[in-house]
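In the two complexes below, chain A is the common chain; its partner is chain B in one and chain C in the other.
== the complex of A and B ==
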């Protein structure tokens, strides 16, 4: 147990170090002044420049610079945006939760819908109903997410007019930013009509969440179905059947858990796709998330923002992936297998 | 009375172009209170018979049988629910590979406790029933010769040695107090002392609880000492079947004779350093089964007639499928 935790922690820290090194080297690789790329501040005169360079240890060897850079990252001093001049930490602190919120709801829908449907299809494998589910999921899995989002905008926002086109919540509501998650913020807000605000936020959220969720759900259905079919063919299911257990007993005691175990690592892979999809959909719906924010940074050549944005997004992805993997490692008893001499 | 009665059981599988008969008109009966040995080389279809009886055949197999009945009721025409009840209470199966036949994600104790039929559990409230289940499970584990029940009941299958898994499979089979135990090579991978322990347990259960056992194995030595009757299988065909002592004394089929001769412990006059008598050749692969009597190409007594499948002949309760059995000396 301690061993496992240490191993995953080491992996996590090392990966983050590599990422930090990459982001540090970006300051040198991006065109323009290294000092500006690193801090986001444009020095007005030589004296100020020298003072800044000394402050960021730019006159020292690269290793010392990198060490200092790590310290700055950890203490939350991530530099400033070129364009807005605001500290990047604050900007990301606003943009990141919006993306996480979108991705979380999409993932929840995918789990709540995809896994049970996948189980159902797997248990009814190779029957007409299974073929139907399978083809529908393959069909929706093959949609490019941006096209699906555009289609949604066209149909639901422009033609039918039942969902707003863009944004997170109507501008009429003045919601103070407490957690960064809009639904939580509304619940925490003091003097607004919470019911109205919630329904408005949900209206805004529906289309982008659905656009991402459909693809993830389809992936989830396919993974679960495959896994269930695999488990059904295992000898221990046959053995359980020959012991005369009922269908329900076999399903609940032997199939559910064994089918879920191989899905979890695949889910970790899905997280990357999910966040990428969320970032694409954000730009289409003007959702104030990290994807939208990064695109703006690219348009405006905001190098400090790109440097930190890349680090933030990859840290998020890696944290989630490693957490899911660790969780899977902890709940799967057979993964602590060690070779045993057999006669 | 015959508990299990199988007549002309044929199992076929499609291999692309042709259809292969893996089992060709196999006959097998298990009477109540007897230990029947089912002997054959690996690949002769022993385990297929076990799967066919327990209804665990993969769907690509096509099964036909003139009769496959349990105490006079046909297992083939039974409803799924009825069949499930039979498997739950009357027939218990120990499968060949214990490690893969146990659920890797549940502890051995959970799997053992779920095999206990509800009727055997006493108590009205769920905690009483849970305790009682636990007690029955511990008793069953002790019975098959596992001492440290505390350790093994909470262990996962991959954490324990193979022979403990095998014993757990046996415990799971016996805990439902079946009428017939089908044991597919139950002592494989066990050391000699544990093997004797398990065999003794089987014999004792057979004598005290009149448990019928279909003992599938290729371990002639173990079988010969405990079983009453024997059925010999070669490449999916029943070769010879009858009382153990008759077959040992005077086998009628050339294959049975070769099989018995190849086991050194059955012969007391074997001179040292002499070669063991064996049949020429090997078991034919499933795709290239000879027509007629499948032993034909390897049989020392084979003649032209052997391309026709021999019918079952009978001398009292000793049956054999051969055109030129050993007691007919003319060739």
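== the complex of A and C ==
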């Protein structure tokens, strides 16, 4: 147990170091001035430039610079945005929770809908109903997320007018930014009609969440179904059947938990897809998340923002992935390290 | 095939043939294959099949609706866009750009991934463990992020977005090759060849690679569907192919400006991407289940 924990901790720290090094080297790789890319500040004259360069240890070897950069990252001094001039830490602190919120709800829908449907299809494998579920999930799995979101906008927002086009919540509500998660913020806020605000926020959230959730749910159904069918073919199921256990007993005692095991590592892979899809959908719904923020940054060539934004997003994704992997390893130590099921 | 067997001769099809027989049994998979073949034909022979030049603008025919609507004309099957370009021709060329570049980049990613994966699979000890784990973790970085960084360093363009997606796909191939090679190296036929004095290189090319091809084809179709979606997503976000180039995602983004006036400019290119991805997924799915059934029987 401790062994495994140390291994994963080492892996985590190593990966973060690699990412930090990558982000540091981006300051040199991006076009333009290294000092500006690193700090987001444009020095007015030579004296100021020298002072800044000394402050950021740019006159010293790369290793010292990198060490200093790490210190700056850890102390929360991430530089300033080129365009808005605000500290990047604040901007990311606002944008990141919005993305996490969107992705979390989509993942929840996928888990709540996808896993039971997958179990059902797996238990009824190779019957007409299983084929139907399988085809529908293959169908929705193939949607390009941006097109799906566009169709939603065209149908629900423009034609039917039942869902708002963009944003997180109507501007009429003055909701202070406490946690960054809109639903929590509304609950924490004072002096507003919480019921109205919540329903408004949910209306805003429905379309983007659904667009992401449909694809993730389809993947979830397929993974669960496959895993259940694999488990059904195992000898211990035959043994249970020969002992005279009923279908339901076999399902609840032997299949549920064993089928979940191979799904977990696949979920780790799904996290990447989920965050990517969330980032793309954000740009369409003007959702103020990290994806929208990064895309705006690239359109405006805001290099300091890109440098830190890349680090922030990849840290988030990798932390989640490693956590899921670790969890998987802890609950199932018998598993080969590299074994992974298929979609 | 003879009607009856005169001699009690057993028929032993080769593994490849058996896979094909299993694959053929699934009608949906065959339909998917036909659609995919059609799209491939479109991409290969785009200049002969497209009725118009995909870039030629026609001021006299702006936003003509598709031919099946009341105001449509048969001379423009899918109508025209805001600059009077023929949507059908643009989509045919779009298949060429999107599917063609996806296939290219998947092949490239496969080549690099298999090479590194083999080395990693043969390697042992702490060094290999560190590399493997690091690769696993770095595999989690989203394509979009890699693409944004590459675009920031070298600028937008179809080729740059292809590099980004190639980079993002390589780790999957490394991962699968590594576990495959690792599993095969423990088997007895490898030991037999090794006792015969085969070098590592010979082992790989003569023993492991032929067994790996099926896995590579299956992984390749998976990667291809991801590549098509990613390339069109980047084109759509204006980070990949740039507007005059008929790339399906870029065509879709172009149509966005007139989405309300001329919804077919958004619906048709998107539908094409969807059909392309669906066909690839169906073929991949059919291949996987055919392989599975073959191994079971």
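Simple rule for what comes next: the second predicted complex is superposed on the first by the 334 of 343 C-alpha atoms of A that agree within 3 Å, B and C clash if a C-alpha of one lies under 4 Å from a C-alpha of the other, contacts with A are read in each partner's own complex, and residues count from 1 in each chain.
Methods note: a contact is a pair of C-beta atoms (placed from the backbone, for glycine too) under 8 Å apart; a residue touches a chain by one contact, two chains touch by 3 or more.
Remember, it's a predicted structure, so these values are computed and weren't measured experimentally.
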Checklist line | Simultaneous placement of chain C and chain B on chain A, clash or fit | finding: fit
Note to self: Between chain B and chain C, which one contacts more residues of chain A in the superposed model?
What the structure shows: C
Note to self: Between chain B and chain C, whom does A:241 touch in the aligned arrangement: first, second, both, or neither?
What the structure shows: first
Check: Taking the superposition as given, does A:279 touch the first partner, chain B, the second, chain C, both, or neither?
Finding: second
Check: After superposition on the shared chain, which partner residues are touched by A:75: those of chain B (first), chain C (second), both, or neither?
Finding: neither
Check: Taking the superposition as given, does A:332 touch the first partner, chain B, the second, chain C, both, or neither?
Finding: first
Note to self: According to the stated criteria, A:249 is in contact with first (chain B), second (chain C), both, or neither; which is it?
What the structure shows: first
Margin query: Output check: A:322 vs chain B and chain C. Expected answer is one of first, second, both, neither. What do you get?
Written below: second
Next item on the list: Please work out whether A:258 is in contact with chain B alone, chain C alone, both, or neither, and reply first, second, both or neither.
Entry: first
Notebook entry, point to check: Which of the two partners, first being chain B and second being chain C, lies in contact with A:44: first, second, both, or neither?
Noted result: neither
Margin query: Given the overlay on chain A, how many degrees, to the nearest 10, lie between chain B and chain C at the CA centre of chain A?
Written below: 70
Checklist line | Distance of closest approach, chain C and chain B, by C-alpha atoms in Å | finding: 7
Next item on the list: Identify the overlap between the chain B-contacting and the chain C-contacting residues of chain A.
Entry: 340, 342-343
Note to self: Looking at the complex, which residues from chain C come into contact with chain A?
What the structure shows: 28, 130, 132-134, 136-145, 148-149, 151-153, 175, 178-179, 182, 222, 225, 229, 232-233, 236-239, 249, 252, 256, 259-260, 263, 266-267, 270, 273-274, 277-278, 281-282, 285, 288
Checklist line | In the complex with chain A, residue positions of chain B that touch it | finding: 51, 54-56, 58, 84-89, 92-93, 95, 97, 100-106, 110, 114-115, 156, 158-159, 161-162, 169, 172-173, 176, 189, 191
Next item on the list: Report the residues of chain A in contact with chain B in the complex, numbered from low to high.
Entry: 233-236, 238-246, 249, 253-254, 257-258, 261, 332-334, 337, 340, 342-343
Checklist line | Residues of chain A that touch chain C when the two form their complex | finding: 11-12, 14-15, 18, 26, 29-31, 135, 138-139, 141-147, 150-151, 154, 158, 268-269, 271-273, 275-276, 279-280, 283, 291, 294-295, 298-299, 301, 303, 306, 310, 313-314, 317-318, 321-322, 325, 338-340, 342-343
